[in-house]
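See the structures that follow.
What follows is chain A paired twice: with chain B in the first complex and chain C in the second.
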Partner chain A sequence: MQRINVGKDFSGHPIGRYREDGPESGEVFREDLLIPKLKELESNEQLEIVLDDEVEGYGSSFLVEAFAGVVKVGFMHSDDLLKKLTFSYRDEDFAFFETKIKQYISEASLGSAKESK
Partner chain B sequence: MEEELFKTIINQSDSIKALIVSNSESSNLRFIYFAGTSLISTALGAVLAYWVGHFSHKRHLKPESAKSFIKLLSKFEEQCLEYWSKNHDPKESLIEEAKIKAGHKQLRLYAEYGNFGLKAQKKEQLEKLISRLFDEATGGDFESKKRQASRAKTQKVAMITASIAPILIEKSFE
Partner chain C sequence: MKKYTEKQRSRDVRRTVLQRKLGYKFYTRDSRGKKHKKEHLDKTINKRVDNLIEQGLEANINADRRVDLTLPETMNLSSHYDQTMRYINAIRSLSQNSRSRRYYRLASVKFHLLKEISSSAALLLTSELSRWDDSIRNNLSPQTQNWDPVIFEKFYSLGFFNLFRKAQVNPPKDSKESDVRFVKYIKGNHEDKDYRGLHIQLTKIIGEKVKKWPLLHGGLDEAITNVCHHAYPSTLQIREKDKNWYLTGAFNENTKELKIVFCDQGIGVPASLPTSKIWEKVLESIASVPAINRRKHATLLKAAMEVSRTSTDQTDRGKGLPDMKEFIRQRGAGYLALMSGYGLYKLTVGENGETHKTDTLNHPVEGTLIIWRVQL
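Moving on to the complex of A and B:
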């Protein structure tokens, strides 16, 4: 299983939506880290996302752009993405963010970001 | 005659001894009985006092928790409305965003662990609304330089907050 530790591999302060919002934004996370890691996975392999290591919390804008964005840009169908991802955290409050990420991915339509452009 | 008198004295002495022994046993029994009942009544009193205190504290806790939650909610709403009623500002937005994220965390934790005495269905309703509040308050162009004032956001936040309050207001008057 491959792993992304958000706090250590990306930023302790994930913030913002678009690339122009800064290097800690959801779009940068998705394009520079998440999608490349998903490409490296074997067919039955999963990607573990460590949510709370050195991270205090997330905003919905970051989570939607980072995770639901994978579906919206047309890279992967929501059901397939949900099967590929697992989440871990020590702080039980982060169960809330796991639920939200899964909700945002489920609600995303494949390729909707391309259609709106 | 003297012999009879002597026997009578000896008999009486035995009776007195028996009486003394019997008295002493009875006194011991009385002491044990008294000490036992005192201990039991003290213990029962302590247990009763604990339960009376415990329940009156619990009864008092629910309305106080509900009132504190409503205060937090009202403060959170105010912060969100302030934030979403104006465009992005590099200095102010940074502080406001931190306050909104921290404020939502407080609401989330309070809703989960607060002692409001809500039934399971009401608690679930409360948690769903708080989850929706997160989507609206920190969604869209939150933390983005592109953010513009949003009438839709301010209205949605205000409406969700308005739906949360009645669930707890009932409890705050108990």
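Moving on to the complex of A and C:
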């Protein structure tokens, strides 16, 4: 299983939606880290996302763009992405963010970001 | 009758398209000449300040139209809202003009009568004075000799004196004058968004971590993202150094009450909504409101706060403001207050569930102020 530790591999303060919001934004996370990792996965392999290591929390702008964005840019269908991702955290408060990420991914329609452009 | 020329028509089309895109208010402001705009603004300052003085603002106007403000005994947004905002708004207006002798401009703000100030009022006051200091090239210098010791201690712990390059202030001798412990305020902008020091400072004061903090962090992240996207639109010529946000926290050791206060000095939520991606959702949500109330700021705030969080629209935006409620909801008790323009939206969570309140304010919050209050 491959792993992304958000706090260590990306930023201790992930914030913002678009690349122009800064290097810690959801779009940067998705394009520079998440999608390349997903490309490396074997067909039955999963990707573990460590949510709470050195991170205090997440805003929905970041989460929507980072995770639902994978579906919206047309990279992967929401059902397939949900099967590929697992989430881990020690702080139980982060269960809220896992639920939110899964909700945002489920609600996203494939390729909708391209259509809206 | 004159013939309607093609040139005239294309000019009108361009104007109306811009008006629809940016909102009439922004378009007209931007379309005027610089000189006309400045003069109009300066005249407005005089009118506004005269009005505020009629309403009870304590101000001494010198011969050259320099204004000394004397802060009142109490500044508190819950118990003395109108009085507090009169001074905050006066500072904002007066600090916009630092040169012209024809119009009022701020000379000094006196603190000697001030005996009590709430954390949200202190943050608003600090942010306005910081803005003023920035506009006069950091030339302010605080004179604290006759300040009340409680007020001095509060502002010292808030980090107020760090604002001023010229400040030479010694720490308070007895740091137990007040039950309320402030944490040093954090000032950020669209590039500097790091506020993680807030939780560290609060943990030190309280003695333990704040439960459900990650959800408050999520709400604060959204508040900051909103500032970057909407509060200071590029269509308005706002100086880069004025595009800031401010954040602080306060803990009352007696009542165990924790308050987190966030503010910006932008155009405010009601003014930013028409150009935001959630405007259509807001319009849908206020369709059932009587037409006369639809453009009331309180109505717009409520609609923005209650935009469906499970909406499956393609843009997926508009989840930011509702996110701010999660901290209070998950803790099960407390309130969230959002004030912007003339609107107030308040969510209270208690034993009887959730209650929402909206109200129209007599004096506007020029920007956005968000307060979370919980009992530890």
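What we mean here is this: the second predicted complex is superposed on the first by the 117 of 117 C-alpha atoms of A that agree within 3 Å, B and C clash if a C-alpha of one lies under 4 Å from a C-alpha of the other, contacts with A are read in each partner's own complex, and residues count from 1 in each chain.
The definition used in the following text is that a contact is a pair of C-beta atoms (placed from the backbone, for glycine too) under 8 Å apart; a residue touches a chain by one contact, two chains touch by 3 or more.
Because the structure is a prediction, the values reported are computed rather than measured.
In the superposed pair of complexes, A:H13 makes contact with chain C only, with no contact to chain B.
In the superposition on chain A, contact of A:A108 is made with chain C only, not with chain B. Of the two partner chains placed by superposition, only chain C is touched by A:D91; chain B is not.
Taking chain B and chain C in turn and counting the residues of chain A each one touches, the greater count comes from C.
In the superposed model, A:E40 lies in contact with neither chain B nor chain C.
Of the two partner chains placed around the shared chain by superposition, chain B and chain C are both touched by A:F62. Within chain A, the residues touching chain B in one complex and chain C in the other are 15-17, 21, 56-57, 59-62, 64, 93, 96. Residues of chain A that touch chain C in their complex: 12-13, 15-17, 21-22, 24, 52, 56-62, 64, 68, 72, 91, 93-94, 96-97, 103-104, 107-109, 112-113, 115-116. Residue ranges of chain C in contact with chain A, taken from their complex: 190-191, 193-194, 196, 199, 211-222, 224-225, 228-229, 310, 312, 314-317, 319-320, 323, 326, 330. On the side of chain B, the complex with chain A involves touching residues 97, 101-102, 105, 108-109, 131, 134-135, 137-146. Chain A contributes residues 15-18, 20-21, 56-57, 59-62, 64, 93, 96, 99-100 to its touches with chain B in the complex.
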